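Remarks on the structure that follows.
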């Protein structure tokens, strides 16, 4: 088997293959439903209904996409510069901690929202800065350090929530006090959970896109990612660029935690994120590291998950089918995206 | 009479001890008739309000589950669906403003206390090991009551307390228990799966918690403090049928008085527990039931001594 | 000579297309026992492609390969190896972190066996080293070897497998003249043992010296085939490019003021590569300074220093006064044009477009960006300007530079550094791997820059190139710099002695 | 301080360290093989889950214990094959495929478990591997109980590490695998199939990861729990780097990590435990791993082609 690059992939291929991936996922969904003793034909409708079937469902999909856009952007920015940041989860929690620190009365309106957002970004950036400095100064592999810091951060959050940051009014449950009203991101639609964090995520995606394609920093980040030696020779401050990348990446991941606390939960608990940091890697790679693509792929991931999760209840299938379908959709989709650019030649 | 449609929403798989008691009670109610029951497990707290809404929209009558990690948002959903009744595990009190939400928790300190009395009598070394998942109120409360019970029969008892930071890591719980046995413990308080296994392998004793596992460890598990969710659920079902469901604290239905908890039968350990201790247990049980004695509720994190 | 039993290999009407481009167009070629055939052609003519088909890396769209009368299955390097074909790739295929011995043994034994003992394998390698004059330590890590040594490992790989046909793709492009000489000595021994050799080179004097027969490709077609004895370098060159080449001719220079002065500069050694040892050097306006020497004698340190990558450990560098700061960016700011030794790794970013590569070192200057925002339109017109002025053959400024041949890549780099009108030009091996036409073009540009008043430092291992171009020649050996010799004041033999390290003690 | 010495001198501490290390050793060897061949396998966490599940399920259904181990291995290899197919011939991102495989293997285990045992609320138990009380050997003071009262699967882990080291560094196959991780072009130029080598390495490596997972259900414990792998796979990724891609050093790393873990469990009961929150102890193994990594970093030789996809005929 051989793969031949296609110079200019036709539109039919660019649309057809991803569509095929979706169809294949739905076939898997039907097969799984059959195995679980549910009606396979009904599942398809139920998935669509669960993801987009009502205003509520659609907004829930957007809601679940929100943190994924942030973490997806964080990963995309870092991976572009070949900085393997697997630690978006930890940076997310750093942002969440700051949202609580500044949002529970330390600051009042109108300062609290912008200041705590910026402070959250800084905190996330600092969490990533450690591994990056270790990498640039001592050559310590950042895949491992950022990965391990996720565990450390989660334990640290657990400590905070059982210790200094525990809500005195929380009846003993390990969670932080609630944010004051001024520190909350307002909702977009009354009564439904979607909040302005989503809009912020879209703005962040556009901002990252502008940075990457229009600014000198973006040019430097791409150059450093592609060929560090050539970038250094061309006079780019490679380590400074890596640090800036880390600041941006960690900051974006932190915004995910910040917006989940300020927009959705109103307080911090140690189960704030069901792995948004890790899913962010998937989102970013699915988007081929393109910031605007991140928005699409986050919506895709969220829709598949929310849709199939909802389907599992309606059809009476074990809820774990949602993750199975998400993983299946993901693998089919990366394969399809690759095959839009390559032709398989059997010989 | 219409069947009542119950939906369970759990943040962990139904194998988790706490949730398993709710699940079993609901299945039993379903088997008894007049009730329909579906459930969904392993729901992240982030998704909890969405799942609540989905069930509400699908037309269920009663939602049971746990909202410790999603209090504020969950209460909003409750308020939005006044026709659906909610019976949810919560650390907070019921709120008149949300009349369709009643709360509960596993207040089985009574049984834990009694199991402590037996433990105090059974330990030789006076050193007791306790392995927990996280120091949350449900866990702390039972541990503290157990420790108070131990003091009745063994005032000089020493406790080793550890939390493993996970609900589902039996190998880790087991290793922690091994370490406590090395540290001199000859009786373990089995809050997590894995602890009784360590006790069994090393030939020391264990006290069960929430569920009865003596069948798996006949030589090891002396006694267990059991939680019965049935009284709680039945009270709610009755209230619904009577049209009198309201914001209420169902915690009391877990008390021994209400039949919400009990000491598991001694079973294989029948006759092996000192007479005096069993007498004390019987006395205290009677006193608890007639209200002349109450076991203190202490939700603070227990510490090693 | 025409005995068909002598025929060891026959390529028959090989055709290979990459998209719209036909890289090989019905190419036929034969090789006889003990014969050396040279394959010539411009950059991008299709030589490497043809060899890759022969060895099974690529699959031809049409045509067949026969080795010793048997057809070779397409796309199967294993079969090619088994048939006795050995190939030394243009870009070496060695694993740096493995030892020489491991690289040689790789794939020679059944995977699911215990394998021959290390000692046996090693003895064989040592015997081959001896027989063919390929000195290299079997236990050395390949990553620690010089280019010449790596090439020996590549040849040993083929010999270890009893190759009867040896294919060498530009084997001398990265070798020093001494190493090239040693390579040819080895090849002669191999021929004497009955091996047949097919080799690719842009260096016509080498071709004339060793090949029996030359095959010339242009645009994927065979345009000529001649016995070496019946042709000349000039004729071959003309055949390659399809016309006469105007060789640059250097007029005497009129040197101006000193633009850069190194005074007693010492830099630390870098691994096996020596640093500079108290080097004093003047670069003057309107003068080409040639730096001769065997590679690995401190040239890299000097180039790095002038490029801004390293700082002097002691001594001073001055340009209109002592340098305050020093970095690549500062070097660019001071008007130093830097043509790096390795255009693929250091000079360009393969997956960037021509436009992006054109502004790789100048993107921060006003004109290309303002307040941190890139002006891509300006960048693109800059790239278009270079493409037009320097005759860069490419699909356009938006093409990825990976698609360009080495010569065209080099022209883009040339344009990038020369367009701003530099004061000093550092040209490190500027014509390595280029075809004769491209070489002539690059050299004429350097001379034009000198005539425009720039100071040029030309680093090369090719003594002919230095002697032809440089107004002043220095020789480097073990980090030390010889005095400057005026054009024509020293013969090649004299310079060779300096390169071997003689004469420095008196000079110091 | 004396507490610390008491712990470090105790038999049970070292026995615990080896026990805790066993699943890590299997999985670390698996990951090491993959990475040596140039493929980062982030599927490890999920593959350990499927191993824990498949091994347990087989035994629960009546298979002998060793057949359970084999079933785990087979399940791991299946998911390894999926990973390999997508990352090697198709050259897809190893990050995304790895995380996807983790997600798929994990959810498949849970889904299958729930379908197979819908009515269960307390996970059923099997009879796991028992410690091998070898006569005489177990009676050697100190070393006896530390080494010879482990289960057969622990021994298998240590033997497996030795075998991996032997194959990688003493056989033509190992040389080829290592070369595939260093420079695929060199492998192809010597007539070997990069695709075959890499896929083989990923499949076999994944099998070992799954056996590591099955250690949890067949030796360390006796039933299957959701989330019981609990990040152990990620630790193994760190251990490979920590071990500088050398099997021996990686085993040492696993033992060191396990010893930290066994130590923190015990230190919690010392007076120190009364003063520090328990999270500090749980953090210790991770923080100390990072510290150790910093101390070792300069000498590590990353396989040069790690994470670099190789597509034949493309430069």
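Observations on the structure shown:
Labels for the chains are A, B, C and D, by order of writing; each one numbers its residues from 1.
Quick note on the criterion: contacts are C-beta pairs under 8 Å (C-beta built on N, C-alpha and C of every residue); 3 or more make two chains touch, one makes a residue touch a chain.
If you want to know which protein each chain is, UniProt gives these names: A, D = ABC transporter permease; C = Nucleoside ABC transporter ATP-binding protein.
Owing to the predicted nature of the structure, the values given are computational and were not obtained by experimental measurement.
Using the contact threshold fixed earlier, the set of chains in contact with both chain A (ABC transporter permease) and chain D (ABC transporter permease) is B, C. On a Cα centroid basis, the chain most remote from chain C in this structure is B.
Chains A-D form the pair with the most C-beta pairs in contact. Chain A (ABC transporter permease) and chain B have Cα centroids separated by 36 Å. Between the CA-based centres of chain A (ABC transporter permease) and chain C the separation comes to 46 Å, rounded to the whole angstrom. Chain B and chain C, compared by their mean Cα positions, are separated by 76 Å. Of all residues in chain D (ABC transporter permease), those touching 2 or more other chains are 110, 279, 282, 312-313, listed in ascending order.
Residue numbers of chain A (ABC transporter permease) whose C-beta contacts span two or more other chains: 2, 155, 158, 162, 320.
Touching two or more other chains at once are residues 42, 135, 165 of chain B. Every pair of chains meeting the contact definition is listed here: A-B, A-C, A-D, B-D, C-D.
Those residues of chain A (ABC transporter permease) lying in contact with chain D (ABC transporter permease) across their complex are 1-3, 5, 32, 35-36, 79, 84, 134, 138-141, 143-145, 147-152, 155-156, 158-159, 162-163, 278-279, 281-282, 285-286, 318, 320-324, 326-328, 330-331, 334-335, 338. Those residues of chain D (ABC transporter permease) whose C-beta lies close enough to touch chain A (ABC transporter permease) in the complex are 40, 82, 86, 89-93, 95-97, 99-101, 103-104, 106-108, 110-111, 114-115, 231, 234, 237-238, 241-242, 277, 279-280, 282-283, 286-287, 289-290, 293-294, 297-298, 300, 302, 311-314. By the touch criterion stated above, chain A (ABC transporter permease) contacts chain C in their complex at residues 2, 7, 214-219, 222-223, 226-227, 229-237, 347. By the touch criterion given at the top, residues 50, 56, 60, 63-64, 155, 158, 162, 170-175, 178, 191, 193, 260, 264-267, 269, 271-274, 306, 309-310, 312-314, 316, 319-320 of chain A (ABC transporter permease) touch chain B in their complex.
Contacts from chain B toward chain D (ABC transporter permease) in the complex involve residues 13-15, 17, 20, 23-24, 42, 135, 160, 162-172, 174-176, 178-180, 182-183, 193-194, 197, 211, 213, 216, 303-304.
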